[in-house]
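You will see subunit A twice below: alongside subunit B first, and alongside subunit C after that.
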Partner chain A sequence: MPQHTVKAYGDELNQLTAEVARMGGLAEAQVADAVDSVARRDIALARAVVERDARLDAMHRDIERKAIRLIALRQPVASDLRRTLAAMKLAVDLERTGDLAKNIAKRGLILAEGEPMPPLTRSIERMGKLVSMRLRDVLDAYAAAEIDRAIAVWNTDDEVDEHYNALFRELLTYMMGDPRTITAGTHLLFMAKNLERIGDHATNIAETIYYEITGQEFTGERPRWSPDAAEAAPEPLSPV
Partner chain B sequence: MPQHTVKAYGDELNQLTAEVARMGGLAEAQVADAVDSVARRDIALARAVVERDARLDAMHRDIERKAIRLIALRQPVASDLRRTLAAMKLAVDLERTGDLAKNIAKRGLILAEGEPMPPLTRSIERMGKLVSMRLRDVLDAYAAAEIDRAIAVWNTDDEVDEHYNALFRELLTYMMGDPRTITAGTHLLFMAKNLERIGDHATNIAETIYYEITGQEFTGERPRWSPDAAEAAPEPLSPV
Partner chain C sequence: MPYEVSPSPVAPRAGSRLWTAGASTGIAVIVLVGLAVYQPALAPYLLGAAGLIGLAAWILNRTPPAPAPSNDPAGLAPSQAALETETTLLESVFEALADPVLVVSGGEADDIAGRRIVLANAAARDLLRIQREGGLLVPVLRDPAVLEAVDEALFGGLTRTTDYAGMGAQTRHWRAVTQPLAQARSGPLALVVLRDETDVRRMELMRVDFLANASHELKTPLASLSGFIETLKGHARDDPKARDRFLDIMATQADRMSRLVSDLLSLSRIELNEHIPPAGRVDLARAAADVVDAVSVLSAERNVVVRLDDRETSAPVHGDRDEILQVVQNLVDNAIKYSPASGTVEIVIRPDIALDEAAAPWSGGNRGDGATRLPLVTPDREAGQRYAAVTVRDHGPGMAREHLPRLTERFYRVEGQKSGERQGTGLGLAIVKHIVNRHRGGLTVESAPGQGAAFTAYFPLAPRREAVTPS
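Moving on, here comes the complex of A and B:
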């Protein structure tokens, strides 16, 4: 195989990884901005998040196209194949993360029309910061190909769930206390759920990095959120 | 290439497609059973749905493993490569669909502890039937490789959203009328959201089938659910 072809092949792979990393940076910013826009009731920022989401969709399509092309024309094997497949998987998680950030921003726009609810939005902000941090850590782990950092993110998934459960109870108590807050409260409930799902995508990303580097599936027992423990409270509904 | 190798290769591909189809059948049953368990307050059925979900996770891992192995060892190109990649994608959507069905069943178990709410559970049942039907249709389209049927499913995504929006308003009105129903109401809200997301997965599957058959990306403007129109009601929150 002539040297220039070999080089071009390596370039394509590096380009793919770089594009995933860039997409990750954008997704991370979208989540942080979405949460800020809710916390600060910043309509302009929320609108910007909604508009910017199209870029993530385009990057997702582009990465998938390039990865498929690479598999078809270069027929990578072993670690190159894993790297290519990992790029495809990560692009999916990042695209979904962007959709969730956009949804949070849209709900923020609706909430901005109503009364402020400082304590509740502060709780959303706290949870948002935690989720953004995990997303940042796992994307750092990807950029640096650091498996320990990826595993660390994987291991802290239940912190997000704890935040979600506490927030869920707080919101229900609030809604029960004042039925006029129910509509706004449900938007906040879905925001919290969206943040919890973004946390799940960070966990997926950690698993994909583990697979890319080791060639093994991550076999830890995954801490998946489940409604029983969580949403039983505050009403006396005995958990399953 | 000796004949038996060629044959084995074709067998592997067919086996992969067949396993995806079987996984689809199981996911379809999980959704239908989860909705039935809620409608009939059937605790045994809900528990069965929760337990059976592990099989979908195992099938997902197995399909992915086989697809990667096939790409690495057989280096398929053109339609064979698309078929292999499509199998991987579909397994992801079906695994997520199973998670959502499991979540619905778990919430059903919690609701079964409280007071029945016939009108609301009937609405969930109606939406569940619609979503199950779309899932069945798109899986038929996959088994028969019928692109028109896949596109038909893709085109009816907004029916699910309309159901979701109506149900959302109905639930909020109910919760406002009687704050004691708020906890149960939120479980039903999340069930409705889970069904709406299962509808999205059916739409993803339709797009994947289109790609597998044509080699083109489906470029229709996707009817994505958004909170603005929907969840503005019933409180006077002007849509964005």
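Moving on, here comes the complex of A and C:
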């Protein structure tokens, strides 16, 4: 009977979205917990983050399998196809996010063996808060299918970059001042880089959401400061 | 078809008269057919009998069933009404609960899309921006720990409390209590109650930060003191010139420490009194005049003119005289500290204004220089309450918008600003905030980089008497 087929089809699509939302929730918690474990020097929490990453991988595989099955059996078109593809793309981004969070937690375990460095871990914490907030915003946008919120996240990526640059300078200063902090400083540097890349994944997700809802690729220029941006602009042709 | 096998709303109840009639007719038909096959000669009589039985069954079917109410208790109508009012009462109670409450249904254990929100009260709908019923749970509440707790409540029958952060622009901390509900026909149900724990968390965080900051602030002058003592004991012992200079610096540092400690003490005293409304009566205008006189030495030192317009106004407010003085004093101190040499600090008293006027920008709101205004403390609105306001305006470097909300935090300093030789303790505005709060008054700040800053504190006006108690 036709209604039944469509109902099951709709259920499958909804289930896919729900799975992605759940995976997003887990990835979000992984990032927040990883940063927390570094800030509080919480070894147990860091270990939990490392262990939980396997679940994220399993969810990623599961979503991929379900999406492929859905494409094979239902041949989705138009918005249904975009929704399926977006679920797959989001799963990849979220899986990467989880890997980066795991890496942060692992480095946190090493840092916990040494002396505490409050000002530096506080900077990492601040950056981590910012990044997890963006991740949360973009996942909220996905759950509620709100383009504006996704675009807002996309537009504010330079905040994360600024934080990263500031942290980079701060860490360099520390390491130059006291060579004993180089090991810890390097780990913190990598953590900052990981956070910055999590931020990039959040912008990727925002782009995917835009594609899912509108069917068009997001082609805006990212607001990023560069020294030669002004010069690089093509000169208007003078009417001769 | 007259009889549907599936349970439909019109299907006869088991044991009803219709079932009996149908069953007996069926048996009669089978018997008749059996007889007809066994003895075909009887067929005409049997046909007649069948007709009779059919007629009887039809008549039975047509007659309305025996009046049901006769079996039921006599007082059904009122009890039903009572039940209804009780349901609507329960419903309205559920709706009115201040904490967000959700009822979640389970579906299959391994199907995450099966977790649906069966019911959500008004607070939950506001918070999660969802419909009253039928939404998927996962998109709105995707924290893994909470989802796990919901699963445990649904399929394991466990009650659990989970803390999580999330939802909304500002990070809020929530505590989710998940409980199993009685099994319904459609499957297991669970109750999720959310409670906002943000304030509790924030208080904890503030306490920790405060301890760290206070000890840090005390450590700096202490370190320099012990450093100089070491030097004086060592090679500077016989150098009178250096000794004098060092002693001067030490005196400054000791002074700074004692100011810090006294500020901390007064802050803790004010905090203790914060919920006790002040009893006295103070003239705000006269307090301002007193402060201007008191700071004349400091302002002359820094070559800053402190101007107080019309000293003749009287603005009696409810308040503790020392505390009101401290508010004005701290604001004027700050203004002088951040004023450039030979600058001016203006103090304006507005003796009788409404709350909206008090909270409005003192310059009328159309400065056009991009200055932002931010209320730091806002009193509860009370109808008809009038206020007296004191505004202290300086022409110093001003502050950017992002610093304004944090000004009243303890030890908060605007980056890149020096408060001159006389360093502040970083507690001045925190003290002002607490005093204003205790007096049920308000505090607003208006500033922009390069444009100076204007702080306005306002207090509830005391009813005018013929002779204002000299303050």
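Operating definition for what follows: the second predicted complex is superposed on the first by the 220 of 240 C-alpha atoms of A that agree within 3 Å, B and C clash if a C-alpha of one lies under 4 Å from a C-alpha of the other, contacts with A are read in each partner's own complex, and residues count from 1 in each chain.
As a working rule, a contact is a pair of C-beta atoms (placed from the backbone, for glycine too) under 8 Å apart; a residue touches a chain by one contact, two chains touch by 3 or more.
Fair warning: this is a prediction, and the values are worked out from it, not measured in the lab.
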First, second, both or neither for A:Val77, with subunit B first and subunit C second: first
Touched partner set for A:Lys129, first subunit B, second subunit C, both or neither: second
Contacts of A:Asn155 with subunit B and subunit C, given as first, second, both or neither: neither
Per-residue contact with subunit A, leading partner among subunit C and subunit B: B
Which of subunit B and subunit C A:Ile68 touches, first, second, both or neither: first
Shared subunit A contacts, counted only where both subunit B and subunit C touch the same residue: none
Sites on subunit A touched by subunit C in the complex: 11, 14-15, 17-19, 21-22, 24-26, 28-29, 32, 129, 133, 136, 139-140, 142-144
Subunit B residues touching subunit A - in the complex, by the definition given at the top: 61, 65, 68, 71-72, 75, 77-78, 81, 85, 92, 99, 103, 106-107, 109-110, 113-114, 168, 172, 175-176, 179-180, 182-184, 186-187, 189-190, 193, 217, 224, 226-228, 231-232, 234-235, 237-240
Sites on subunit C touched by subunit A in the complex: 111-113, 115, 129, 136, 138-140, 142-145, 147, 164-167, 171
